[in-house]
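Heads up, there are several structures right after this.
Okay, so chain A shows up in both of these, paired with chain B first and chain C after.
And then the complex of A and B:
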């Protein structure tokens, strides 16, 4: 029961309220006051999405117990302005296009406000330093810096407020115009509701028990104690799935909740719905699972040996092999003046969208199972859900809530199935919000890869033949591995006219965290190898790196690696424009960095130096290098 | 400048296919010219951050002759809006942008046919832009709000239409991989400038010059935003991020352990947009979301080599890897080090 009485001022209004003693200030703002502009991105003070002012000082509200705010003056993003009356900083964020997904933006607006309140004349380096505690995964920060500088200049009356509304309005068309983002006002003022901001009457909260084993047989699930916990309204396991229990972007190989065995650490086994998050957590902690550990595979090379199978019924660990064959590489290598062979690798990467996975599910008055979540593919999710829940397709409805960053990470339907099972079982709305830790451990990553490469060229730099073989770790479930292998294969040899190509990409199952869709989807891994090889070749042939690329670049009418005739190919134009734009000094790539003349232009940022900012005099004067 | 700090530059190119790979891609949309000279668009789209709602508002405004701020875009709901499939694969502007353009052309034609009757002119003389509608070569001109009122009240017509856009792709041959995986391709290139501290192994990316073909930039600032964001995600990939596992258990299970680029790590990005319109689509626009980050990592590795003569072939180029590579280079004179 709420037992902590708080008296405080929030956005200028005096508030007296009894809340839970375990609440953080963030919970108090979001749950008790519905001030959902303050977001939870990590719950550990690392990302800054929950930034608020306490007595004028910028703090991360996830680190502050609610009790500590008693008697304080709190200011949240809602207090800075609303979509009709925005602060200078909020207007500047709209003007420069500083918001993309918007999830970090309320925190960014708070940090920017703090920066300019403390130092109204802050220079760019000081702005960067002050905003260093807030992470943005979408924008690359540049337009955020632009916004803070614009707001600073307006606040200091160096620029008129008109700059907020200036954009070149073309006379005859809106195509090609920098029309201001229509979603920006709702984002910079914290008014946009993401899935985690939703509340419905009688809503229950879901928590999930996840595997702490990489590969183990589930011998027994004991729910006796969990069922007796106060507030628990429903518990589901794989046995509760009424239809065909599997899903996946390309191969449907993943059960909603682990069936018979677990294949990775973080895999969902049991889901509980209770009146409060805390009760659901207590129930999770009361569940006992008996496992029998199985030998596991962590290395994709081991997976190819097939000594241990991750999915027994497939009889292989190979998820997908994509071959591309063009011409005759063996013959072509014989004619090459230069042959180079090398190996490259890339690491698994976390999407780190600032909005952790979240969703709400309910069965509506017409018996339609409805799921609201930031899913990147509701069309496909609806198909899979109908099959899993054994419902006609029109009895399943997906609504895509505003996405706080996806980058491919929200294409997998990894929690919506659990929500659907519990909403159907309890006939109450169910909400689930992952913690950052839960999100990192359970969701797919970028495929780590190893690539073997052989390239043969003439002494003039013309590529005669290429052989590429990439092996990728797909982790425990198929997710987007098949598509990633396809794109890696099709694009991997780069935008070059290569007559003889042998390309193979393979993705395999292991007991690692699954790999899935991630912006640039396999092409990043293989093209990284190709572009490194071209510079290695250019040095050996003493050619300029632009030159070796131009000699090989596709032109209109060329056949791609998959033998498709190109109806257009702009790569030469792009390279020429880039050479001009960067003011590139021609020469072979032979580590001439120290003698080249094109470095140190004004289009670079200042390098950070240890302690440099401590030396700054705070009046905008730059520190000497 | 410290003796241990070395600058270098590198370049890399890239290409990418637009929309769903090696399978038909399709998107549907409904459009209606609504009261007050506004527009109502319904399609399977929700903003994911790339600026798609603004792009669609610009497309709809342009096609219908209304103001972009008067375009309303409905929610993405499998039971209430036409299918437009997934938000990914650099397909939103290409697939949904073209679907919305086609639907708007259908709705516009209904209004123009009515106004041709009203004004007794040929429908093909009628134009509309930014909330006004007129007949070329005549004095007929009025606000869209008035025209829509006439259209509904006098002629009983609601200008509404639904359309879809298809991108014709084929699967790959299972033996030699031949096929037509996409109908539109984009090309790009980036130059990176780095400073490497040979004492600490730290690499700072200071500048990126990025040049990308997007077909047609519907909102150039939005394109820049995608390039800048893509570059910074690639900074993480190239220099710091690593989801490390030990026997299947993560060693980087929180933001405290998983290092992401912050405001102090990001380069200045100078972008240049190249426009080589797609000949097969109504808008000519292609895409930028994913291709933006492909050339960055190799451009950075090529720049590191330029700066200090060691080639990092295993991402990310952490300070430890740089120092080990420098040590190995010193020991055996090799420049080719993992």
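And then the complex of A and C:
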């Protein structure tokens, strides 16, 4: 590949180095200089994990060709401080607990630094606006804003540096205590190594050919041209799997690489390892696949008709049906003063962790296959991998790298199998980093759902009976569908004492992107329906939404939906606290005017309004409402 | 992934034309904030280019000449300058208003106003604002080894969706803008995400007041038609009229047929009318915009019912 010579100053050090002509500044910093505090979250200028200063101006280094930076003064997060000598802003990020997964944090620290350099007295609205180019998925931003305001006040000598060390000693519980996060300094200084930041000698780079068909038979895979590409060291398909080729969190039905047919757009078919990412991409582009398209299912209702089977050997598209029966709903509905019926649907949701999937694999000196990845489930992965690779369990090792956000999305073992095959085949370390686009098409999403709901209540608001039927789109593979259906069934009717319950949750296979684990794991979809039903009931019965919930809330001694006796119940405590903190405007839902009185109460944060830095009064307070 | 063999950064127009007349297969870039996100899966995919020519450091594209009537601004001026520059904030008030809605601070440091105009996206935010400034553009061409410059109105330069009056290696050099000190300005925009958002509808406006009448009104709209355009009927109606609710409302109805979008027309119509009203009120420097605009709410809703009946 053509080269380019760069002369520039990085963090005060003069550097002269030859790099690839096409490298972005981000690639140059990470690949050539190992300055991996600058992260790549999206590669398209959306997320801000790659923010660096060029000649004092903060930019996103994924949008800067390295050639543009020739002769410039670059400052990266490594230049701001180190874990022993942190800047005020870095200390403040530690103090407020602003770093959670930590992947966005180097970029956030850079954006905060830029904001306070440009305007040391920036008010909250100006801070929000200037940091608008950086995304965090964990914190909800409050702790980040708290940190920037804290640092600002220390820089302006309005607060003493002591605020950086005001931690609490937990008494009986860590919950609610502001304790020191021991990993915070490594995160706020960009020193923590995520999987994509790791480098090993002789390491190869993996790229993956993915299906562009939702449902198709694979007739032929032509690797002739790909094998001839310079730097290609190994190519694997499903034929290279030595053991039992399937994995999955609950049902093990997914092959490492598509076998005979593809079941969704984005499914991996061939993996290539080469000396550089570019060579591996060239090889992928040179592979020809012959498909025979099959009729596909995109709708879970269609899947239930069983006209097309996604997995033929199962003879059904039903992944799991979980029924729960408690009491007698039919009889109870007869006594109800009010019966409400409705349908609810939810969409697939991407986890959008800031760290795209990445991993490193190698076979060590003792022949132990080792996988380093941000997996949320390494023990299970290890057992599955032993079967897949036909290895005794002591020859498989999983190391969990720091997880740059998971939210359930990193429970599936969707790329570790390919890493294992190539490390075994080439006997060289292999690294794989997904692009954001690849991550979005190929990894599991939250289950899209449709819920039919029937609720019977007395006129006082007491729930007499509930019938729920939920159908979830599990997508092409089992992943976590079974567990999600269980949780949806067990928790879906909510923390309410319901004596008569008929609950059915079904998950089915379709040719959509697989659905998997996601925060709250199935409970969200059905509980969304339950809570909506309670709001509708409150409106019909002219009751306060809190009140109708209190009447029905679980108390100690109640039986859960699966008839477990409760030793304790906290729902009423939670409701009371919520009502207080939200400055709740009491009354039935329809009694409120066009603007709710509690929406803009003192404890609620204002939405960010653009233009804070254009306002002449400059106090950042909202002028119009 | 974007790959290329050579990346050239000429420093003058002369250097640029000498280079591009010698070297074949040149791709011209400035801020690179469009090409890099484009060369990815699902859009351009793996893109291979021979030569990339970065024009963002050409001297002539970085001029800034300030005059009491006209202001000359280089095409490589970045959006962050439009946002922060004190002279621009005073004399070209509409530009900071656009900039605050344009991507984010970090992208604005790279993205150029010239690149935005040359892309000629129907949803480009720069063009409506420049239209209100009665902008003329300078194009440089290389003829018989000589640099020839041509000046033309912006309306003539942008010919259609992604089409501008540039051939071969012609280059957009600068913009001649009208100094609009004394005008009130506003830019309104809506899309899917606040930062980095692509306009579904955007409106730029400039208003000059003489006592209680509109001395001059300029309104331009983007996102709803192939090329952003001035709302001439609205402007003409208001000029010389007294500043009151009825006149603003009457004017807001006159140009709603500019919407040519295939999708969400009803939504866009409602937004556009609200934006016209809102941007004029804001350009007038009204406080309590939310209260002011509520006075128009019912009228706008009734009008929509008749439009879509």
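The rule we apply is simple: the second predicted complex is superposed on the first by the 586 of 625 C-alpha atoms of A that agree within 3 Å, B and C clash if a C-alpha of one lies under 4 Å from a C-alpha of the other, contacts with A are read in each partner's own complex, and residues count from 1 in each chain.
Criterion: a contact is a pair of C-beta atoms (placed from the backbone, for glycine too) under 8 Å apart; a residue touches a chain by one contact, two chains touch by 3 or more.
Predicted, not measured: the structure shown is a model, and the values here were computed from it.
J.: Touch test for A:456: chain B only (first), chain C only (second), both, or neither?
T.: Touch partners of A:456: none, neither chain B nor chain C.
J.: Once the structures are superposed on A, label A:474 by its partner contacts, choosing first (chain B), second (chain C), both or neither.
T.: A:474 contacts neither chain B nor chain C.
J.: Once the shared chain is lined up, is A:37 touching chain B (first), chain C (second), both, or neither of them?
T.: neither
J.: Identify the partner contact of A:281: answer first if only chain B is touched, second if only chain C is, both if each is, neither if none is.
T.: second
J.: Looking at A:46, would you say it contacts chain B, chain C, both, or neither? Reply first, second, both or neither.
T.: The answer is both, since A:46 touches chain B and chain C.
J.: Determine, under the contact definition given at the top, whether A:514 touches first (chain B), second (chain C), both, or neither.
T.: After superposing on A, A:514 lies clear of both chain B and chain C.
J.: Quick one: chain B or chain C, who's touching more of chain A?
T.: When the residues of chain A touched by each partner are counted, B comes out ahead.
J.: After lining up the shared chain so the two structures overlap, which partner does A:348 touch, if you call chain B first and chain C second: first, second, both or neither?
T.: In the superposition, A:348 touches chain B alone.
J.: Going by the contact rule set out at the top, does A:437 touch chain B (first), chain C (second), both, or neither?
T.: Touch status of A:437: both partners.
J.: Could you say whether A:132 touches chain B, chain C, both of them, or neither, answering first, second, both or neither?
T.: both
J.: Both chain B and chain C touch chain A; at which residues?
T.: In the superposed arrangement, which is not itself an observed complex, chain A uses residues 44, 46, 129, 132-133, 437, 608, 625 for both chain B and chain C.
J.: Note which residues of chain A are touching chain C in the complex, please.
T.: That would be residues 1-2, 4, 21-22, 24, 43-46, 48, 51, 57-60, 62-65, 67-68, 70, 111, 114, 129-130, 132-133, 277-278, 281, 285, 435, 437-438, 608, 610-611, 613-614, 623-625 of chain A.
J.: Spell out the part of chain C that touches chain A in their complex, as residue ranges.
T.: Contacts found on chain C: 1-7, 9, 31-33, 36-37, 40-42, 46, 52, 54, 56, 80, 83, 89, 96-97, 100-101, 103-107, 109-110, 194-196, 287-291.
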